[in-house]
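What follows are several structures.
Each of the next two complexes has chain A plus one more chain, namely chain B in the first and chain C in the second.
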Partner chain A sequence: MEKLPFERPFIKKVSTGLPAKFGSKKRIEVIPDIEGIPVSHLMADYGSPLFVLSESTIRKTIREARSAFSTRYPKVQFAWSYKTNYLDAVCRIFHQEGSWAEVVSAFEYEKAILNGVPGTRIIFNGPEKSPSILEKAIMNNSLIHIDHFDELYALMELSRKLERKPRVAIRINLDAGIYPQWDRFGFNFENGEAWEAINRILLSGLFDLAGLHTHIGTYITTPSAYRTATAKLASLMVEIQHKYNHTIGYIDVGGGFASKNTLRGSYLQGYDAAPSFDEYADAITSALINSQIKPEHLPLLILETGRALVDDAGSLLTTVSANKRLSNGHRAVIIDAGVNLLFTAFWYDHNVAPTTMNTDNTEETTIYGPLCMNIDVIRPAVILPPVKKGDHLVIQRVGAYNMTQWLQFISMRPSVVLIDINNKPHIIRKAETVETIRQQEQIPEHLQ
Partner chain B sequence: MIRLHKNVALSDSGYVFDPATGESYTLNPIGLEIVQMLRQNMTDDEIQGRILDRYQVDASSLERYYMDFIGSLVQFELADNE
Partner chain C sequence: MKTLRSLRFSGTYPFLQGIMNSYSQIFFSESPWFAALLLGVTLINPYAGIAGLFAVILSNALAWALGYDKKQISKGFYGFNSLLSALGLAVFFEHSTGLLIIIVLASFFSLFVSLSLQGILGKYYLPFLSLPFLATIWIVILATRSFEALSFNEKGIFLLNELYRIGGKHMVRLYELSISLPFPVSLKAYFTSLGAIFFQYHILAGVLIAVGLFFYSRIALSLSLLSFYAAWIFYQMLGVDMSLFIYNYTGFNYILTGIAIGAYFFVPSAASYAWAILLTPLVALINISCLNLFHLPQLPVYSLPFNLVVLLFIYATKLRVRPSATLAQVIHQYHSPEENLYNDLVARDRLRHAWQIPIKLPFWGEWVVSQGHDGAFTHREEYRHAWDFVILGQDGKQYKNDGNLLTDYHCFGKTIVAPADGIISDIQDGIPDNDIGVANLTQNWGNTVVIKHHETLYSSLSHLREYSIKVKKGDYVKAGEPLAQCGNSGRSPYPHLHFQMQSTPYAGSRTLLYPISHYLQFQHQTPELRNYNIPALEQRVSNVPADDVLQKAFGFTPGQILEVDIFSTGTTRKTRWEVFTNYLNQSYLWDEESKSSAFFINDGIMFRFTHFEGDKRSTLYIVYLALYEVLLTRCADLAVTSEFPLHQIFSRVSLYGQDLIAPFVRLAGSSYTINYPGENVDLAPDRMTLHSSVSTRVLNTHRMKANFQIMISGGTISAIHTSKTRSHEN
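Let's look at the complex of A and B:
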């Protein structure tokens, strides 16, 4: 007689009273493949754990975002926020799609240049820019976003020394009605600091004041905050026009759109909570169109959207290494990827999906990574079929911030594979080896 | 030897009710088979032998999952490990 497939035996408490947060029978999504390539094949070819990015999803998402804005406003420009994911292959997809580069360090600036982005299409943000990289940015006519008065004075000196007029904008922090207010960056709007900076810039005659910039925060779920922020920048633009007869070329409203991930502990699933690109676009463009800016002066609208453009395109493929019952009776599984690779596990309840499901039975499980630390929790409570050692789990929407904030801690970082639009996989970052890490080290003679 | 508590009620669909605590539970089909065998006072070895005959699983994996399952029954106070 043919033997039956085996499923781990289990017993589960039926909770009475209030239904669990997940409802009684939530349908579990099964992800057998990524862009048509079976998860098991990808892992056999490239190892486990493995980051996989979908080029089609990236292109589809940026096109969707662009169309939300360009159908509502005549001049729109996206600038790819490098810190979100600066793997060169990913940046180049965005550049092919017409995005400029938004960078916040010398390292990112150099990367953008090496990716072939013309200097004039690099937006240079951030509170720490060294004189040498500023000099380079000035010579390349990049857009330098001034963060504080010390930087303004440093730029004045460089401008005199190089006899060039740097193209600049100022970063402005403002009260957009949301908490927390990111007032650590830029010049404050409400207390007049931003207006003072603008006056010093324009009175000095040393600069080409090209734009006004703000970045109100990240994972902002209220489009109206953007309406408020944009309206404030527009009012400054009108005052500048009035006092100096100087037309500001662009307004840059930064990044911050929510992705479809669920914030940790949030009752609403991210898919339901995150506003659409249309809703953000409506808030921002209507604030510009309804402002006092004269139609012939309407500025270029720049967006530095990061996570909302790339989160969905990334998956982390993992393998179950052990199954446990905790002392309180709860189930737990240990997988081969920890929070060192999945930094966003600290903020998100990432969706975790099995690659097969041939049972109706599910149980609430905590997913731990392999690090020897208590903080290594990938998901506190997720509903899964009973998984066994060796099974694969797919962690979804990991494209933003993980492949830049990952830590080389305890183990090495795995390969990243991009699946192109013809469903062909390419390694875009090789797995680290012991040699990769050791190459950076030097052993003093007395220890050799 | 594992002993299932006497008054634990068990349905054919795998629904378990413990009148001592008022808690109820569900079992998956293999879990149900094991509990039914426990009820017939079969020993651990007999039960595992029966499962090995019927399912695609090797003895060492089964033993691991079996002991884990028994641990849950004890934890929920549905059985005693004597």
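Let's look at the complex of A and C:
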């Protein structure tokens, strides 16, 4: 007779009768495999912890987003936000799907070029652009989004020096009716700074003012804010046409679409709270179609969506290192992935799922990472079945920002695996070793 | 400097053309060297030849002086009947001042008859053929019986004397050789009949003309033989005295009928060949009956049977209700059976709808046909040429969630746009959107917009969302302008767009079969282009996204000068072409250096060269090949393919073998491919590169391949790089 699996004992309050206001017993999702490959196999082959990305989910999501916009508006272009996930393999999937590149630093710019993106299809955002990279962007005819006057002056100088007409857009911050208003990037719309910049750009004759850009924030759950923002850009475009007889080629409404992750402190689950691509698309495109822009001048609509396109595609596979009982009797579990790998744990209540479930019993559990730091909390409270050392847990929706914001801290960063559309895994970033870290270091002679 | 082009417009050149074409036009040709050969043939009888030339010059000059269309004069339309009349008269009458006067009068008369018949028959799109000649020569012959001063020419009787006079011993020997050739009687009769067209009743003239005919058109020559022999067999079958055939010199009626019906007025095909042969007995019948009838007034029959049969047949076939593709009349006449055929083979699909108003799909993005033409549900009978469109999600469903709400449907609320420029002619609004599964049978069409694109061309968009219509009756809308939103009103159990073309301005009019000009079809991995096609059931389609840069670069306007650098292995050629529009409103590029022109059409989505005329070594020919068919799109991963008319790709001589069987079998072929660069396309890039290639095929062997790289910068085509690769593959 096969030995039954051991289940550790615990004490649980029995609740009978009608469900309380918190509802009935929570059903726990079990994730035994990723795209058909058992989690245990993946971890056996590639180690633990392990980031796994699903190519089919990425493609499905971008296609869904594209379809939502392109059936509502004739000229739509997505630009992959590099900072969200700039692993080359991920970027190339998006480029294959027709996305341009949206970069915010010299590093990202170089990465986009190395990924084979023509300079003309790179949107260069961000508040910090050095003269050398600006020069490169100008020569490549990239779309430079001006963030502030000092950048404008620098570009003027470069334009004269290089005798080239940089293709630029200005970033505009505006009151879209939401809080907080992001006003630290770009020129303000309401106080007239945007017009000041437009006047200087167009009167100087040094630039090809190709577009207008705004980025109202991140994880915006109200599509109407996009409607307001887009309508403001559209009116600005009409006024520019009126004043300078200059046609703006594109309107870039930035990113900020919410993913299906649940924000910490949010009452509703992210799955229910996050608007669909259709809702965003409807708000943005109807603002353009209903604007005073003449049909023949309808601009190209650029979207820099990052998070909503890749978050769902990523999972973090972890192994339980230990079980603990805290001083208040609360159950805690230590896993082998900490906040240094899962930066988003600071603001999301990530869904954490076991790979097997042998019991109906669950218990509220705190999940800690392996760092020797008090802040290393993955989930302060999550309902989990009893797990034991060596069990696997899958943390869902980790595709955005984690693989760019992760820290090499205390331990090394693990492998990243991409499961292709034929459900075949590929390593797209090797796990770091001590040597990876050491090779950057130099030891002065007197310490050798 | 007076160039050929300035001559072209000054008058001397068209006038000379008119004289030459007056000769070649008898065989429906406009080839100058064929004309020169025919002129030579007429000069075998020098007096007659000179008289003919005199008459041609005279009638063309008169037409010119009286201010008739120079284009028509240059084509020789007003000269060939005078030529035939003068040749006939000069052969039969002794040369004298009296004859000269008669020839002058005959030329005038024949010109006036030509002009009048052109006016009368032209209304029915019929040619006047050699009717003016018949009228002239009969009238003159009848009249001359009373003229004492004119006497019959005896020179024609002593042919050898005449030949000796022209070319001495050699000419006589050549003649003797020609009759001593071991030709069968029938072939000799064939050559004599050919010669008889120019009143040269001997084999020598016939052989010369046959050689000329071969070089002019293999199809025409083969048909001349076919129909001649068909008549020969018919005569024998009916037991007609063969001497009537051979010595009456009316055999050319069969030859000309064969060429006219089989090759010239109809696109050469098995059907046209069959008709050419079938009509021969009819020509023979009319010929024999005319011989008996004209016996009374003692008039020769000449080409009357040919004229009668050809005119009757052309007119009768024009009245067909369903013109068939197998026996198609030539619409654009290239004056060469081979060119007519090769052009038609390609244009049949490629350019058939090219001059129609282009109709686009009335939406943005990819939609799927949920009910096509002759659909399973409501697209029947009078309403069979209609489409229903929906949007499918990635799971292949029309809806998300459970599909119980209107808003679950992907297409609901999506913008519907105008399929072409037009005026809003009818609007129905205020009909509520049905719940899912409910159809409003009393207000069948639901909220509808009808747009007038042309007097008899309307488009109708139905089942729109209530109160979503943004336009009003009488508004002018541009193609692609938003009109309303897709909804679920009227007889619509689930949200979809009903789209139909019609010829009357009401919601609910009967449908009209009319193709979508260009669209992309997503069947496989990469989109495929469809031109002038009807999207069928379950096909996923979208409009072709237009590209501003390409549209600008290919938006040639008359008067524009194009300067393109052509690079081929090691050499650079600078070019200078000008855009012209002719009196038929056809646009073309003109290359002054090589006197070549390349005709094109551009409907805003696609630029196409339709025809090339001139020197195939010119740079313009390279551009004709390189830019044969350019989709002005910002599409990625798209390859557009097409086919050239054979004579534009192969040299004339290399096609001689193919020409003979071309109406039945094509062993040679060509293909053109243009590729669109990159995974995606830039925002108004200042540089673009297109790649095109041309390959030829003989049987299954791919012979030659030219690759072109077309550089577009600064809004125009700036350079074309060419390279030729030879490959032999199966």
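As a convention for this text, the second predicted complex is superposed on the first by the 434 of 448 C-alpha atoms of A that agree within 3 Å, B and C clash if a C-alpha of one lies under 4 Å from a C-alpha of the other, contacts with A are read in each partner's own complex, and residues count from 1 in each chain.
Here is the rule we use: a contact is a pair of C-beta atoms (placed from the backbone, for glycine too) under 8 Å apart; a residue touches a chain by one contact, two chains touch by 3 or more.
These numbers were taken from a predicted model, which means no experiment stands behind them.
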Self-check item: Partner chain(s) touched by A:K3 [first = chain B, second = chain C, both, neither]
Solution: first
Exercise. Report for A:L143: first if it touches chain B alone, second if chain C alone, otherwise both or neither.
Key: second
Quiz prompt | Which partner, chain B or chain C, touches more chain A residues | solution = C
Practice problem: Quick one: classify A:T71 as touching chain B (first), chain C (second), both or neither. | Solution: second
Quiz item: Counting only touches as set out at the top, which of chain B and chain C does A:W100 meet: first, second, both, neither?
Solution: second
Practice problem: Could you look at A:N323 and tell me whether it touches chain B, chain C, both or neither (first, second, both, neither)? | Solution: first
Quiz item: Is A:P386 in contact with chain B, with chain C, with both, or with neither (first, second, both, neither)?
Solution: first
Quiz item: Touching A:R121, do we find chain B (first), chain C (second), both, or neither?
Solution: second
Exercise. Please identify the positions on chain A that touch both chain B and chain C, taking each partner from its own complex.
Key: none
Self-check item: Residues on chain B engaged by chain A in the complex (per definition of touch)
Solution: 16, 23-31, 33-35, 53-57, 61-62, 65-66, 68-69, 71-73, 75-76, 78
Exercise. Would you mind writing out the residues of chain C in touch with chain A in their complex?
Key: 363-367, 391, 393-394, 410-411, 413-415, 417, 478, 480-482, 545, 636, 678-680, 682-686
Self-check item: Residues of chain A that touch chain C when the two form their complex
Solution: 60, 63-64, 67, 70-75, 77, 95-96, 98-100, 118, 120-121, 141, 143, 210-211, 249-250, 282, 285, 289, 295-296, 300
Exercise. Name, in rising order, each residue of chain A that touches chain B in their complex.
Key: 3-14, 16, 323, 325, 329, 359, 361, 386, 388-389
